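Chain lettering (A, B and C) follows the sequence in which the chains are written, and residue indices restart at 1 in each chain.
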């Protein structure tokens, strides 16, 4: 598999504060990279640089072997999804999904959007306004809006962070099915280790502006600072106490 | 008892309009008569439909206020966005607050020289520009509440969905800002509609808005025409209040 | 667009008051500033304006508190809300005219009292227009600003969930009086004090009401400044400009001390 996205020595500073320091990252075609990072680690800034919403102080963003540093966000076909679904409050669920298609002046919008609503299990909610939808439903519509325009790359910034555990689990499954079905490449940011392992084909960790990309999931499990071993030990101890 | 008090309050609040309307139809009101000697339509017919003095003032006032409200909305929409997302937002907003707080007549005093120098005194354009300097901070303060992290995120989201800045503005940002635009328009309209001191000072009394006419009639001791001018002053805001009550609320 | 005209205006006013420019300019002089700062009339105008501002805001706030607390639910919803907002449609010009027509010696109330036999001649009606204490101006200001305060207190009451706090206090054993003194009023005052100060400044800077209802001495500061600028005595114009600079400085200093300018400092770019 060829490298689809490559970040080369990306650095970013605001005034005297270093947000990102020499970040290197590679993502293969049709793969999902889970990026673990706490608040203030620089993960949001990194995603915005990839999306073109912010400019790096140094370094290159290379997509499909092309340097896209100076390409505006409208032309990158990289969609950035926030933790908040950020639906347009003045548009219905249908119109939210259709938004990007209308910008592209595509034909047959109605059929395309309805097909997407079906795959999201949201067809009966098509005419509802965002304030009539639950948190999970809003996230589904936000996904639909991003996927329907067939982006090259999807950037997700803790999209399930505000959802309760059961809905979160359903959304993780939905996400995995959709990206596989559409053959999408994505970077999925989370601070939940379990979610990172479930969602990602590979794992990276960002801390205080520095990024470590693990060669494999196994090397992530074996790294002491990953927290995986601590989790396993915790559940083992609980099991022993119970017995 | 509470209900009675509420009815009394409602009557008290409506009384000014009724009083002004009654005076505008009155003629000869000698002390100590409680009622005027005559009731007549003459005041209305001659001042609005006859010589047309008040009709002209009504049109001038409406023209200036509508133009000002539109200009303030457009300018403050974009200016406040730049301020809201600027590094020096706090400083800019502090500076914006100063003309907002100062009395409009004092503002007129301190920059009237430049209006005289550019021959804008005594002209409708001069009054419009002077009112713009006073009303713009109102618009900026109103829109300052609108430009927040969520709007910025939505705007950036539209870029990643393929929208150009123009498309993002027309299809996402402006629809979301409608409540703020309406509030700004109404507030700016009222600021201009009610303004006297600055208008009189820069307009030199030649720009005869309704407020200027009220004072002219008072100085001429023509209280019935003054009352008529007052009725014309309060009716449009009352109309605006009833079509959009919430737009006139001053929020904390 | 906003700061530049005000700054250039202030620069011109300052240079005029220092004799550097203007019709009677003879070069730099502090004489006009000396006259402004040492003039009893100037300071009595400032103090008079402050008196009118403080009294108006205090009385209006008391009335508004009564309305907001007594009719909280009706103000937030229901027909009474329209009547609360209606006075917002009366500008200062109209209100000043009305106060003059109602309370002047030959006004509406004088005629009413005469016809009811309470007074038997024009002179018996109390002087509230163009009086020494500015009662007419204060009345006009109260009529104008009470609706703003009523809406303000009503919104604070709702947003701060004061009703729930009052109920909580009751369950903790507080009497009605104690709840008012220790819960309701402190919260309302804390959240509104900045706005109350703003309104003192607004009333001090009012022009239409003092023009119709005020007397020659003492004058509200705005009327005094405009009179100086527009007088035939050209030597009064620089003094008028000096007075306007003093007014601007007093406003800015008051804003700084009160923390109004900090209002924008503490808010992030988030929905307020």
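Brief remarks on what is shown
The rule is simple: a residue touches a chain if its C-beta (ideal position, glycine included) is under 8 Å from a C-beta of that chain, and two chains touch if they have at least 3 such contacts.
Every value quoted in this text rests on a predicted model; they were computed, and no experiment measured them.
Grouping the chains by touch while subunit A is set aside gives one piece. Chain B has its Cα centroid nearest to the centroid of all protein Cα atoms in the structure. Looking at B-C and A-B, the interface holding more C-beta pairs in contact is that of B-C. A centroid comparison over C-alpha atoms places C as the chain most distant from subunit A.
Taking the mean of the C-alpha atoms as each chain's centre, subunit A and subunit C sit 55 Å apart. Centres computed as Cα averages put subunit B at a distance of 18 Å from subunit C. Note on chain placement: the centre of subunit A and the centre of subunit B lie 48 Å apart, centres being C-alpha means. In subunit B, the residues that reach two or more other chains under the touch definition are 150. For subunit C, no residue reaches two or more other chains under the stated contact definition. Every residue of subunit C that touches subunit B in the complex is listed here, in rising order: 1-3, 5-6, 8-10, 12-13, 16, 67, 70-71, 74, 80-95, 97-98, 100-102, 106, 108, 110-112, 114-115, 122, 148, 151-152, 155-156, 159, 191-192, 195, 198, 201-202, 204-208, 211-212, 222, 225-226, 229, 240-241, 244, 247-248, 251-252, 255, 260-261, 264-265, 268-272.
Remark: subunit A residues 48, 51-53, 72-74, 76-80, 82, 84, 86, 88-90, 99-100, 102-104, 145-146, 149 touch subunit B in the complex. Chain contact summary for the complex, subunit B toward subunit C: residues 2, 6, 9-10, 13-14, 16, 19-20, 23, 31-34, 75, 79, 84-85, 89-90, 93-99, 101-107, 109-111, 113-114, 133, 136-137, 140, 144-145, 147-150, 152, 193-194, 196-197, 201, 211, 214-215, 218, 223, 226-227, 230, 233-234, 237-238, 241-242, 245, 248-252.
Within the complex formed with subunit A, the subunit B residues making contact are 150, 153-154, 156-164, 167, 171-172, 175-176.
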